[in-house]
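I have a structure here, written as structure tokens, and I will follow up with some questions on it.
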Amino acid sequence: MVGVSEILNTVQMGLAYMVIALPLTLSYRVTQVINFVHIIFITLGAYTVALLGLVGLTNVWIAMGAAFLLGGALAVLDNVAVFEPLWRRGSDVLIIMVASLGLWIFYKYLIYAVLDKLFIVLRTNTLSVLVHTEGFPSVSLGGITIDGYLIDTVVASVIVSLALYLILMRTRIGKAIRAIADNQVLAEISGIPRGRVLNFMWFLSGGIAAVGGVLWALFQTTVTPEIGDQIILQVFSIAVIGGLYSLTKTAIGAFIVSGTENIVIAVLHDAFGLPLSFRPFLVFLVLLVVILIWPPLGAGGGLPYRFRVRHRSRR
Amino acid sequence: MALDTKAIGLLILGLIIGAAIGYGATAFTGGGQATTQEEEQKTVTYKIGFSLPLSGQLSSIGKLWEKVAYMAVDDLNKMMESYHLPYRFEAVVLDDGTTEEKALQNVQTFAQQGIKVVIGPAASSQVKAVKSFADSNHIVIISPSSTAPTLAIPNDYIFRNTGSDALQAKALAALVNHEGIKKVVVFYRDDEYGTAFADFFKREFEALGGQAVLLSYASNLADFASEVASLSSKVQSEGAEAVVLISFDTDGANILSHAKDDPVLSQIRWFSGEGIHGASELLQPSLAEWLDSIDFMGTRPVFISNPLYEEFKKKFEELTGTDPPVFSEKLYDAVFLAGWAIVRAGTYDGEAIKNALPEVAKHFYGASGWCILDENGDRAFQDYSIWTIKQVDGEYKYVDIGTYSGGSLTFTENP
Amino acid sequence: MESIIGFLISWLPIFAIYGILSISLNLEIGYTGMANFGKVAFYAIGAYLSAALTISVMLSLVGKNVPLYSIEAVQALSTEGTGALYTHPAALVGLFVLSLVLAFLVAGAVGYLITYPTLRVGPAFLGITVLAFGEMFRVFMRNYEPLGSTKGLFGLNNPFVWLGNSLLSQGLFALVALGLLLAVYVYAERFVNSPLGRTLRAIKDDEVAALCLGKHVPRVKATVFFIASGMAGVAGVLWTFYQGSVQPDTFVPILTFYVWAMVILGGMGNNLGALLGAAVFTLVDRALTFAAGMMGPSLIIPPNYLRWMIVGLVIVLVLMFRPEGIKPARPIKTPAWEAVKEEVGKDG
Amino acid sequence: MADPILEVKDVAKYFGGVKALDGVTLSVPRGGMIGLIGPNGSGKTTLFNVITGFYVPTRGEVWFEGERIDGLNPNEVYLKGIVRTFQIPRLFPSLTVLENVLLTPPNQIGERPLYAPIRSKWEKQERELARKAVRLLKRFGLGDYIHASVSELSAAHIKLLETIRGLMTDAKLYLLDEPAAGVAYDMAKEMFSFVRRLRDEEGLTFFIIEHRLEVLMEFVDYVYVLHNGKLLAEGKPDEVVQNKAVIEAYLGG
């Protein structure tokens, strides 16, 4: 039976997924790099809200602001220190991908090391922190309690996606980002300061991903250093459903995945007794079906090759 | 270009030389096998290896275990000193990232460093991964937390300082039955620990005349909201009176924090095993208040009213500011077992230590109680305490309110 | 000396496993340009196949009819001296060899079949599709009771355990693993230094143009996928016999990306580079594990975390200072060279 | 027209609502050098794509040497003996000039997966092909670039290389897509006279898309004009340039 809680969960999870996946699609579209540091942005955001809560700063909006700045700064740092020099050298995107893999390993264990020190200072287990923060109060509507964190998530994700839309569509720098996404070389020839625009783009995507991390922490409530690793495959699936290209499709993908993880599994469990542990299986099944039946890039991505050839007879 | 090639060549060369120096150094210090000196003052230092999950899925517990490990070795050395015994021990802790491959790599590294006794790894799957290497290379493995029934194998190098889940399942079934509950949903991790526990519980609970419905969840997920939602509808459709939660700490805390907001699940009783005992998340006021209101209860393996455990707990809290996590007293005692077994064996040799360990355990009484081992090298006797979360002096705390010993349940405090 | 031998016999099989994996990935990405993000799936197929095959046949040899993952099975197999692994040496070695062959064929066949539906989607999504397939396989294995679900399968050992002496049996296994790696390397080298290798490079550069030059691109790609997946299956067999157990959660996607790091560190499109990449990566990892054990807890950064941070930094720094990897791509070498020299020389 | 090697019969290709080709019928005689012109977007490249198997025509048939070839895949079309070049040359940058040429012969023994690792099986053929390739490269003035990488070649050489690659095989029909684009006038003329030489010496057939009419008209013997997916005119070059409709299409388009 699909109840209210499944639907509320779908919404909250879907929105958090969306905020995390949108910048992944954006940065992939502009740079064609599968960026592993995205995992760190999520973890960083989640820990920002968790640790601020531990030291008594319990306003969720301050946490989101701080996460945005931290995530953005980290992303710019990566770009300036690693991605851009590699790109200037004409490295393949796969090489940049593996460099980001290295960065991810480095940052992940740096976070572990920092948390290890904070453990001693704060005298509490920093490797597993319950989120304690305050945003909107919970609301009761006709017998249904709507969690305050859900309202925070809705507000924050609306702000983020609206801001992203406005920046990309209405500002000069947004146009520059889109120009670079369409054609790097042409954009540079036409006088767009590629370096600065890319830094801005990275700041935006790192920051938004970290805000997504905060939202995810509000949903999951327990924060560990593995939080980003645990959801990255789902986030990646969402971005792929969006074709790694369309922000709108990515947003739709977020709700497809979240609906699969909440509603579809519940229905299948009730109807056919499918074990709940098949949840990740379903996500990837959906991903495969979407990829194969509704190819994200259309026929343009494929070979001009047909397996079913119309039979031809000799004259 | 040529410079870069050279740089990388040097880097690799450096690493290889570094490794070689490492071996040299071990050979020089003899990996702890310093020749026994006749002089009284000359003490021998033995190394004990620890393969702990300092990162990965179990890192939230593993990090605390690391502190227990150092504390235990420290205490062991103090004990040796107070007995004027010429033996000292040194902890070598390696991270296994909660993966099988790294656990095996760690045990191999210990073997190369001449270390014959390894405490850990944590998960049963990791113990299985190192078993074949440990058996053929005579490395004694003492896992503080592996409870998988499939590892109950006699005459191997794997020892487990924890009671089998079968025993605890019996205790938990008795507790749930005692509370007058006839029908439960068992909500369990889909890993080996959860599956075995749930099966045992079902068997024991139905022997007591109850009814148990099994429901598993994927343990490697980040969030369990949808699982909790399914649990809610299951509880409703089955008309169950309680949920028995078989989880670890992070997943359990997550599940409970979602259940708190569920209209069905927040109204019924909850029971649990030892997996989430000690998790600080449960003590957050909002969650703890709810848990208190529904009389949340759990079982956990412990020696009843054991002063050594109280002492250990106090010491750990002073050191870290947190409650000792699950299995930490087992780990603490495992260090002592290892130490005394080495002393008893009289030589730092895997086979001798393996043979000495059950003898030592027979007479060892530690923070986790009496450590006697059965023929499989697993802990033979285990008593359980009943725990709950209560307000003590305005603060929520884990409190033991009863015991399960020798098949009977006694409450020491009113729940 | 003993510890160096101990190091070698524990490192060589791991090196061989990752060496085979990275050579196979290099065939796909370095030569043919197929980004495979799901290598681990074929590795898992090989590992599970060999474990299930060996355990079930060994059990039936000693007349035990128990589930493959049960304690009885483990005891019947591996009790020192009396277990089936010790009493049926010929069968054990035979099953090891049979596993290698079957794993190559089965993993290869699965790989072959998987490429066909994904060709419709274009090269960008091949990797993701295989990644999704691998995760589905893993989740399925976690829930598939006959092969142990989350309990996994264990009780195996290396195929020479009946020799009695652990140093000897493990050493022999290390040599066999190294031999397999060498065979795979030689095969891959000969495979790419041929007219087919030229075609692979062409497909990597521009698959549409290659198709217009009469190359049956889908079939060539599927063939390369067959061979590379089969190699990964062989690596999986080695893993089973090396570790003596198979657990579903060993085969997580990140393992694939470690292999990617090895290939790119070593240099794409160069088999020797892939080999070196695997060697450097596993060696750095082992050396740092060793060092972390020696360092003790006194550092500002705990050595266990420092060790991983160094691994990450090494990857980044090597790529920063040498983006083409340790060994840059090598041209295809066929006898055409010599023929050209003769022909050019003729004119004087 | 006597002995047509290629016949296109009423071919149409729609992309959604766009009619890229709308009932084109034409034929190319064996040994001919035929031009295909038309304003941008008139469907010239689409027609080539249909002939070479990139697209399946929505309607109509394509016949080559008495065989129906529409609906075949590009590689199968190639094996029938049709070689095409691209508007933007598509050589393989990670292969040398020699290797680019060696790639083209179909059915090489060393390309079979089972035989590839066994050098003795294909060494003889490979040597023969290499000698043939060198002779070919020398003959067309690329002898100095045998081991050069493609990126070292000039634009004209790249066009040349793309065309002569086909000579390694027994291809009969060449579809050239703007061979003179991006090449200086003198070079373009040289290019075309080279094509004509090939036609005369080797008996090959050429079907050429070209924008630069001033060069094209000098060399071809027959021209088809496409406009909005339909055949607008056809005839000898000097007839076509006089055609009012053509002039209008070019000026108006």
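Just so it is clear, A, B, C and D label the chains in written order, and each chain counts residues from 1 on its own.
Simple rule for what comes next: a residue touches a chain if its C-beta (ideal position, glycine included) is under 8 Å from a C-beta of that chain, and two chains touch if they have at least 3 such contacts.
Treat the numbers as computed from the prediction; the structure is a model and nothing was measured.
Trainee: Which chains, if any, touch chain A and chain D both?
Mentor: In this structure, the chains that contact chain D and also chain A are C.
Trainee: With a step meaning a move to a chain it touches, how many steps does the shortest path from chain A to chain C take?
Mentor: 1
Trainee: Which chain is most central here if centres come from C-alpha coordinates alone?
Mentor: Chain closest to the assembly's C-alpha mean: C.
Trainee: With chain centres defined as C-alpha means, what is the inter-centre distance between chain C and chain D in Å?
Mentor: A distance of 44 Å separates the two centres.
Trainee: How many angstrom lie between the CA centroids of chain B and chain D, rounded to a whole number?
Mentor: Taking the average C-alpha coordinate of chain B and of chain D, the gap between them is 72 Å.
Trainee: Go ahead and note the Å separation of the Cα centroids belonging to chain A and chain B.
Mentor: A distance of 34 Å separates the two centres.
Trainee: Nearest whole angstrom, what separates the Cα centre of chain B from the Cα centre of chain C?
Mentor: So the centre of chain B lies 33 Å away from the centre of chain C.
Trainee: What residues in chain B touch two or more of the other chains?
Mentor: Touching at least two other chains: 54-55, 190, 218, 220.
Trainee: Of all residues in chain A, which are in touch with two or more distinct other chains?
Mentor: 108-109, 112, 116, 275, 277-278, 280, 304-305
Trainee: At least two partner chains per residue is the criterion; list those residues in chain D.
Mentor: Residues 73-75.
Trainee: Among line, ring, star, complete and other, which one matches the pattern of chain touches?
Mentor: other
Trainee: What are all the chain pairs that meet the touch criterion?
Mentor: A-B, A-C, A-D, B-C, C-D
Trainee: Can you list the chain D residues touching chain C in their complex?
Mentor: Residues of chain D touching chain C: 52, 73-75, 78-79, 84, 86, 90-96, 98-99, 102-104, 106, 108-113, 116-119, 122-123, 126-131, 133-135, 138, 143, 146-147, 165, 169.
Trainee: Which residues of chain A touch chain C in their complex?
Mentor: For this pair, the touching residues of chain A are 36, 82, 85-86, 89, 91-92, 94-95, 97-99, 101-110, 112-113, 116, 233, 236-237, 240, 244, 275, 277-278, 280-281, 284-285, 287-288, 291-292, 295-297, 300-305, 307.
Trainee: Would you tell me which residues of chain C are touching chain A in their complex?
Mentor: Interface residues on chain C, with respect to chain A: 29, 35, 116-125, 128-129, 132-133, 135-136, 139-140, 142-143, 207-208, 211, 217-218, 253, 257, 260-261, 264-265, 268, 301-302, 305-306, 308-309, 311-316, 319-320, 323.
Trainee: Applying the document's contact rule, which stretches of chain C touch chain D when the two form their complex?
Mentor: Interface residues on the chain C side: 187, 190-191, 194-199, 201-202, 204-206, 208-217, 223, 227, 269, 329, 331-332, 334-340, 342-344, 347.
Trainee: Can you list the chain A residues touching chain D in their complex?
Mentor: So the residues of chain A in touch with chain D come to 304-306, 309-310, 312-315.
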